[in-house]
Every structure is written in structure tokens, then in C-alpha cells.
């Protein structure tokens, strides 16, 4: 068990390090001098040079990388060039929107997809299967931001149940804040749920043709019981894999959806930072998102070991 | 009164007729063997009794079990029967158990389901039955997972599941086909004892006439979904009233006629093989062995035990030495996992030894790169076990059979290539019309002929055959063994037969090497070793090998 | 999804008949052809010129003259959808090409070599997977500026590990087959074996993945141009049409509905096509008809 987990941790760590090198390198070759951007076009060359030295921009590349990484490790992301506040404060504020949004969407998608997949697999080839899989086929094809627009039109413009966009902040109370996140979460979750439901059904159907399902049925258990007791757990492995991959899509989706709903989350932040050439914010947010994806995939690897005893080995 | 009574059973799946008017009965305490070649419908008969058929299957006739009309029974009624009154054991133990549940859970599950017993009680009963099938608590606690057990051990678990509630009828569908002969004998003994103890009826399904003869009171012989002949085992097999019974029995006992190597003049002067045949002139003297294996070992790294450490390496092959003379036919026999296939791969230079050297016609071939190996490869080819897996399904026969011509120094022209391929096909009893077909258009036996054609196209000195007939039905098996014997006599090619089946060894080899846990433990003339084995390993193999003669003689005594 | 990858060529005739009886394959195929035809037609003719702004005709509701209505500059929405299809198809197609062209050889190489090469390539795969496609697109655009080419590169890069994984998994399933051993016994090297035996046998697998990635590419392109990182004006693109529609949802919902429908229908058709291909080539799934 430990050998497997240690290996996964090592791989995750190596990926993280490589990712940080990539992010650092990419932003190194970005055009535009942050010092000049910060000071504006009227600043003199000396002033710019002074700020560059202050910011450590004149240090050797390797030193700057290690400096950056070292600070990241203690959650010191530096100061934003444009906002002139610590990046960590900006990030903290924005995470308070993006993280709940992603989590609600993930929960929603899983809670819809797994039961639908189970239902479709248990009624394979019959009407219920055909209808739910037909619906999911359409769901897979719907771009989440378009779906978001339709939701806005229906619930905000037409029915006026929820606001069309914006975020009142958590200080305005849990309910108004949640209300602002409902539509974005649904817009994110449904297309993902459609994919996950199809994967769940497919995985179950594949498992149901395994020899050990026949063994279980030969014990005298009805089809449905076998589905629950034997098929579901084995089918969880591909489902978990997709869930892990989807988290990355969900994060990317959050970036788009935040733009649709004018939510002040990480996605909006990174867009603004790019247009303002606020290097350090871009670096930090990208690194944060990438680290989250890597962490989630590590969790998925861990959950494989929980589901599948073959990965645990003999202790 | 019979426990299971099948009358006029017909079965169709979709539009295909699977079974026609099948009659079969099993009495309490009786062992009934159901024999037939692949596609004869024997498994479908069993699945009909279990009512575990595909949805589109339609059965007609009558199947009565213990007074219950199975064909009319509801799914609930069937659920009550399955696992309680009828137990079933399947062919493939490696996949028959749920990989994510412990063996304890899987055995106890059926017990709890049928008896409504509590967890503790069910586990206690599961423990008892596991002890009974030869998986004692000390080595096999209930918390073991299937992947921690070997194939034979897993089959014992499957048997424990099937027999946990002492069913009235046990159906065993090829329960030992995936196991080696020694395990087969152990599992058959276990089944026999369980049947005796609990007065169960046993329906034993097998393609192996010897196994069925040894086990059954009565046998039913099926072919193409119909019953050919049925009756008391001894009577049926000694009488051989039905021609198919005779055919099956003869094929099971078949020994190919062997002649010494005597090349026909016409064979060698064929234009198509000129490039290869000329090499025969630079023949090495007969005294040097064709193959010599010297102190060869092959280690596999042990299982990773921690992030840095690994367990002790596994000696798949351990300090093995052997020689094969030109035109000699040698069998390498041993139980599954004894290292015989690893050794064969090293001889074929498809795997590298960890230590030791392998010489082919006096030249070292271990640790050579591909280019240097070409001359050696030209002179040794391989025939695999699985006639389905050994051909690329996307290529035509001509290309497949001609593949080894890649090894020739001078690339043949397309016309030459086609002629050589046609010639090779001709030699294995196929025609040039087959050149443009795809492998799926051939039966298993024909594919094995293709495999042999591919192996002889470069006129090699050695053919390594890894269980070449074990996937074939008995009647086909006999033909392929004949072909091997014939080619040995005509082309003077040496064979290394890898097998766990002693009847194959007896049929076509001069010498036997017995391998056990990576080592060669005994060697000598085939007849000598099979008749008077010395080592424990050889004795076990000989004692376990199913033998129709012996089984029939014993049955004749019992049944008079 | 497991696929039976081995289809002898002679079965093609029966495959064709099976395809003709496969409803969703036919539907997917026809609609995909329709979209492609529409894009092709737009080179020669569109109902209205999409580069001409007719402010007097702005925000017209769908009518006989403008089937899908007009936008805030008075441009015909149908014409824009037709021209936008070009962009979507081109971006997705080239991105799939990049993914296949680089990913498949890498995956085959990893499978053939195993060991360190395999490990390193798969770790690099993990690395790319750690960057959500949109995130890398944003970074690439941040460097080179927005545009269709950069969208292609961003989506293409993300396709590489996808194809590498599929090719590797497919090839790993082929390598232990006995016919590969036979080819090795015939003295063939790994490269030759990959070319002659592995690739033909994983081709269908790659074809199916290709359709899936093509559909995903269209979605991704739409997302990118929606946030302004894709094709730039005046080149119409489905994603940007939706962006422009957003603030006018109340007055001109048709501006949002039709381009969105175009995306959904195209992606749906491609998915049906992909499922159909997988179905037709996989005898195991024939029961689903």
C-alpha cells in the first residue's frame, strides 16, 4: 500500500515542480516589462531600473526561480503590480468565490450522474436507458457558457428568480451569496454530469459482462443486487478517473462561467491580470490552479487504492 | 427418480439453433459427464439449467430439477435454487472471483443470502467450507483477496462458493481446463470427494474424454447441439456403437506414426526455396549440438515492497543446461509457471538470460543485437499455443506466412515470395487458394497449420512449439500432431515442444526434459521417463496425466 | 471504452451494410456532412455579406429575409453561422491533426520501448494534463496575443497527451499478442512491427478518439473565442457571436439561440458519428443496434 502511495506522491510532486518550471519559463518570455507597466509610460529609465532591482527582476534567472518557489512554498505570492496589495489577499478573496462554485458544481454533477448512469445500466437497451442516454448525448454537446446564457435568459431575465450576474459577497449573508452561485453551478454541472453519466453506464455495463458477475448470479442473487454489491464498486475505477479529469475541466469552465456571470473569482482575476500584464498575479493563479489539479489527481490515485485491493499489495 | 431431467430441450438464440432435442438426466449422487468439442452446446445446456442465458435465448422442451419446471420458473424461484440447490463451477478461475472483495465475503455472501444467517455465523460456515476445499485458515484467512491466490487456489474458492450450502446438484463447466495436469488431478479429486460426502449429483462438462471417463458413471456425448450417444461410461466407450464416439476415442488415443529423417530429393531442389536450401551445404558437423544451453538463469525483479526496496528476485529459470541435436524432437514438460516458456523465449532470443550462454549451431546468440541474430533466426522458428492470437487479423495469409522471409539476405521478389508461401502452405496441407484469405476465415486447426507453414518457410533447423495443440479439439489435435511428425521426418527439423501434457510428449518426442521451479530435474528418453519417472516432479506429472486407456480399464472393472 | 480493434479488411463490406443500418451513425454522418457543406458553401456564397454592416437592419428578428435574424450591426446571423463554421472546423481539425501527428508516434514509442522512455513520456503527459486546456490557451494567448492560430496551438497541445495515451494503451494491448512475438522471431525491429502490426490494429481506436477530440475541439474553440482568445473580428466565429449576444439577451435572443444551436448540433452529430463508428466496429456492442 505504502509503496503505491509513495510512488503517486513522488510523481505528483515531480509534476508540480515541472509545472512550476513551465509556468516560470512561459512568463519569463512574456513581452512587456512589469516595472514599466507598474510605473506607467512617463517614468524615467532610472526609476524603472530602480524598481527592477527592488523587485529582483535583475537577479539571475535560476535565483529568481528559487526565490519565487521558496516564497510560494510559504504562501508568499508577492505583491500585485497593478493593485499594489499582496497577491495572497487577492487570491484569498477570489478563492472564496471560485472554490465554492467548483465544489457545488462537482457535487451537483456527481449526484446527478451516478444515479442516472446506474439507472441506465440497469435498464440497458430499454426505454429508460434510451431516453436518459439520449438526453446525456445532447448534454455532452452543450457548451456550458451557452447553457449559462439560456439559464440567465430563463431564470433571470424572464422569471426574475435570481440575479443575472454579479456576486454580493459572503458578507451579504449565505443565502444571497448562494443564490448568486446557483445558476453558474448548474451551468457548469449539467454538461459534466452528462459525460459522467455516460461513463458510469459504460463502466457498469462492461463490468456486468465479467465472469465474476456470473459467479455472483450463480449464488442466487438477483440481477439488481448483483449490480449494487458487485458491479458498482468495480465500475468506480473508470468513474473516478473521469471525475479527476473533469475537475480540470471544471476549473477551466469556472474561468469562463465567471465571465458569463460577472463573478469576482479566480477566472476573472486571471483575465484582468493578463490584460494588465500583472505577471505575478498570473503566475500565482496559474500555479495555484495547476497545483489544485495535481492534488485532485493525487486524491483520485489514493481513492483507487481504497477501491482496488490489488493496488494495496500485501502488507 | 432423477434429480435433473432434461427432455427434448431445444434452444435458439436469435435465429441460431444452439441445441436440438437434448436429453440428459442426473440422479442424486451420480456423476454424469457431458463431452463434446467446442461449439457442441455443452455449456449452453448447463446455462439453460441455471437459467443464466442471454435475454434473446428461447428454450423449448422440458427441464425439471427436483420436481420444479425450470423453463417455467420465475426469476425469483430461480434465485432461490441457484447457489442453494444448484451450485456451479466455471472454467476460468482467474476471472471468476470479484477482485475487490475478500474470499471470505464472497463465500459468506451466498450463505447469508439463502439462509439469512448473521455475518458471524455465515463467516464461520465460510471458514468451514474453505477448510474443506483445502484452503486452511493459517495460510488462507477470510481476508485474503483473489489476486493473492493462484489459479488452482481460486478454483477452490469457486468450488467453496458452489458447495457452501451443500447443493443437490453441482454443475462443473470445464473446471480444470485452465489448470495444469497436477492441479487438474487435485481439483478433480476434490470434486469427487465432495460429491460423495454430500450425495450430490454432478454434471461434469469437459472436452477431455479421459477426464470424463475417469470421473463419470454415465456419459453423454454431444456434437453440434445434439446428443450423439449416451449411456454407462464403460459400456459406451468400449462399445463405441456410434461412429462419432469411436472417432472421438480414437483421436484421444492417437499416436502419430514417426519415421526417421529421410529428405525426399524433390523437396530440396524446389526453385522457390533455393536461397535457403543452399545454406544446407555449409552444414555444421552433426556432432555439435544444434542448440546448447549452458548454465542459463533468468531472474525477474521481485515485487516492489517499498518505495526503494524490492523483494528477492524470482528465478524463473535457474541454472539450466541442455542440448538439442539436429533433427531431434525434445519435449520440455512441467507444470504451469515452472519457467519452461521463459526458457523457450531465451532459446528463441526473444528474451535475454540473466546469466549463462545459449549457443545455436555453435554460435552464441544470447546478448546479440538483432542484425547479428538474423542468420540464427532464419534457422529457428516458433509455433504458438493460441491459433487465434498468433496472426495479425489485418493481414492476408500470404503476408503472414511469408513474414520470416524478412530474414533472408536476398529479398525475394513478390513473385518468389508468393511461390514460397504457396509451397509452405502446400506442405502443411493447405492450398495456394488460401494465400489471399484472412486468418479469421480459417478454423482453429487450420490456423495452427498456417502457423506451422509460417514456421517452416525459411527451412529452419529448429522449431520451438509452445503448447501447440492444447487449444485444439481432440480430433484436430491428432491431425496437427501427425503433421508435426511428418515434417520432422521429411525436413529433418528439430523440435522443442513445450507442454504440460504428457500425451503430447509421448506422441512425438524422443527425449523429455522435466522442469520444476526453474530447474531441469530429470531428463532422458521419452518412453523411459514416462514409464519410470524418478524425480518427484516427474512422478506427479505422470500420475496426474489423464489417460484414456487407463481410465477406461479402471471403469471397465468398476462397471463390469 | 474498450474497442474490438481487429477488423479484417474483408469484413468491410459487411461493415458498410452495418453502418447503413446504424441510425445514429447515419444521422451523425448526414448532419456532419451538412455542416461541412455549409462551411464549404460559404466560400462561394452566403445569403448576405458578413463583412458589410447595415446598421439600419440591426437586431431584426428572424424573418423570411433573415431566417435567423440580424445582429447589432445588422449582419445576417445565418450568414455568420455559415462563415463561422469554417473557423470552427478548421481550428478543430488542425488541432486534432497536431494531437494525432505528435501524440500517436509518442504513444507508440512509449509502448514499444517501455521502461524509462515510457515513464518519462507518461510523466510529461501528466504534466500537460495538469494544465487545463483553457488555462494553457490563456497562457499562450498571453504570450502571442489572441487569434485563431494560437487557439489551434493551445487546443492542439492539449490533444497530444490524449492521443498519446490512447495510442499507448492500444499498443500495449497489441504488444503481448503472439503475432508480435512471431514478427520478432521473423527478425523485425520494433519500428517495423509498430508500422506493420500495431498501427493498423489501433487505427479504429484512434479514429473514434479523433471524432471525439474533433467535437471537443469545436467546443473548446467556441469557449476561447467567447472569451475573446479565438478568431478575431471581422472573422465571424460561433463563440464570439455568443459573447456579443450576451448583453442583448433581452432584446435579441435569436443572436444567442442560433449560434448555440449550431455548436450543439455539430458537436452532437460528431459524437453520434464517433459512437456509431465505435459501435459498428465493435461486435460486442451490436446488441445496442
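Order of writing sets the labels: A, B and C. Residues in every chain begin at 1.
By definition in this document, a contact is a pair of C-beta atoms (placed from the backbone, for glycine too) under 8 Å apart; a residue touches a chain by one contact, two chains touch by 3 or more.
Fair warning: this is a prediction, and the values are worked out from it, not measured in the lab.
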item: Relative to chain C, chain with the most remote C-alpha centre; value: B
item: Which of A-B and A-C has more C-beta pairs touching across its chains; value: A-C
item: Averaged-CA centre spacing for the pair chain C and chain B, given as whole angstrom; value: 46
item: Between chain A and chain B, centroid-to-centroid distance (C-alpha), Å; value: 50
item: Where chain A and chain C are represented by their mean Cα positions, the distance between them in whole Å; value: 22
item: Multi-partner residues of chain C (at least 2 other chains); value: none
item: Contacting residues of chain A [partner chain C, same complex]; value: 11, 14-16, 18-19, 22-23, 26, 29-31, 125, 137-138, 140-143, 145-146, 149-150, 152-153, 157, 202, 206, 209, 245, 248-249, 251-253, 255-256, 259-260, 270-271, 274, 282, 286, 289-290, 293-294, 297
item: Residues of chain C touching chain A in the complex; value: 1-2, 123, 126-127, 129-135, 138-139, 141-143, 215, 219, 222-223, 226-227, 242, 245-246, 249-250, 253, 256, 259-260, 263-268, 271-272, 275, 284, 287-288
item: Parts of chain C lying in touch with chain B, wherever the complex brings them together; value: 6-11, 177-179, 181-189, 196-197, 200-201
item: Contact footprint of chain C on chain B as seen in their complex; value: 348, 350, 370, 373-374, 377-378, 380-382, 384-386, 389-395, 400, 403-407, 437-441, 451, 454
item: Chain B - residues contacting chain A, complex; value: 50, 52, 75-76, 78-84, 87-88, 90, 92, 95-102, 106, 109-110, 113-114, 145, 147-148, 158, 161-162, 303-307
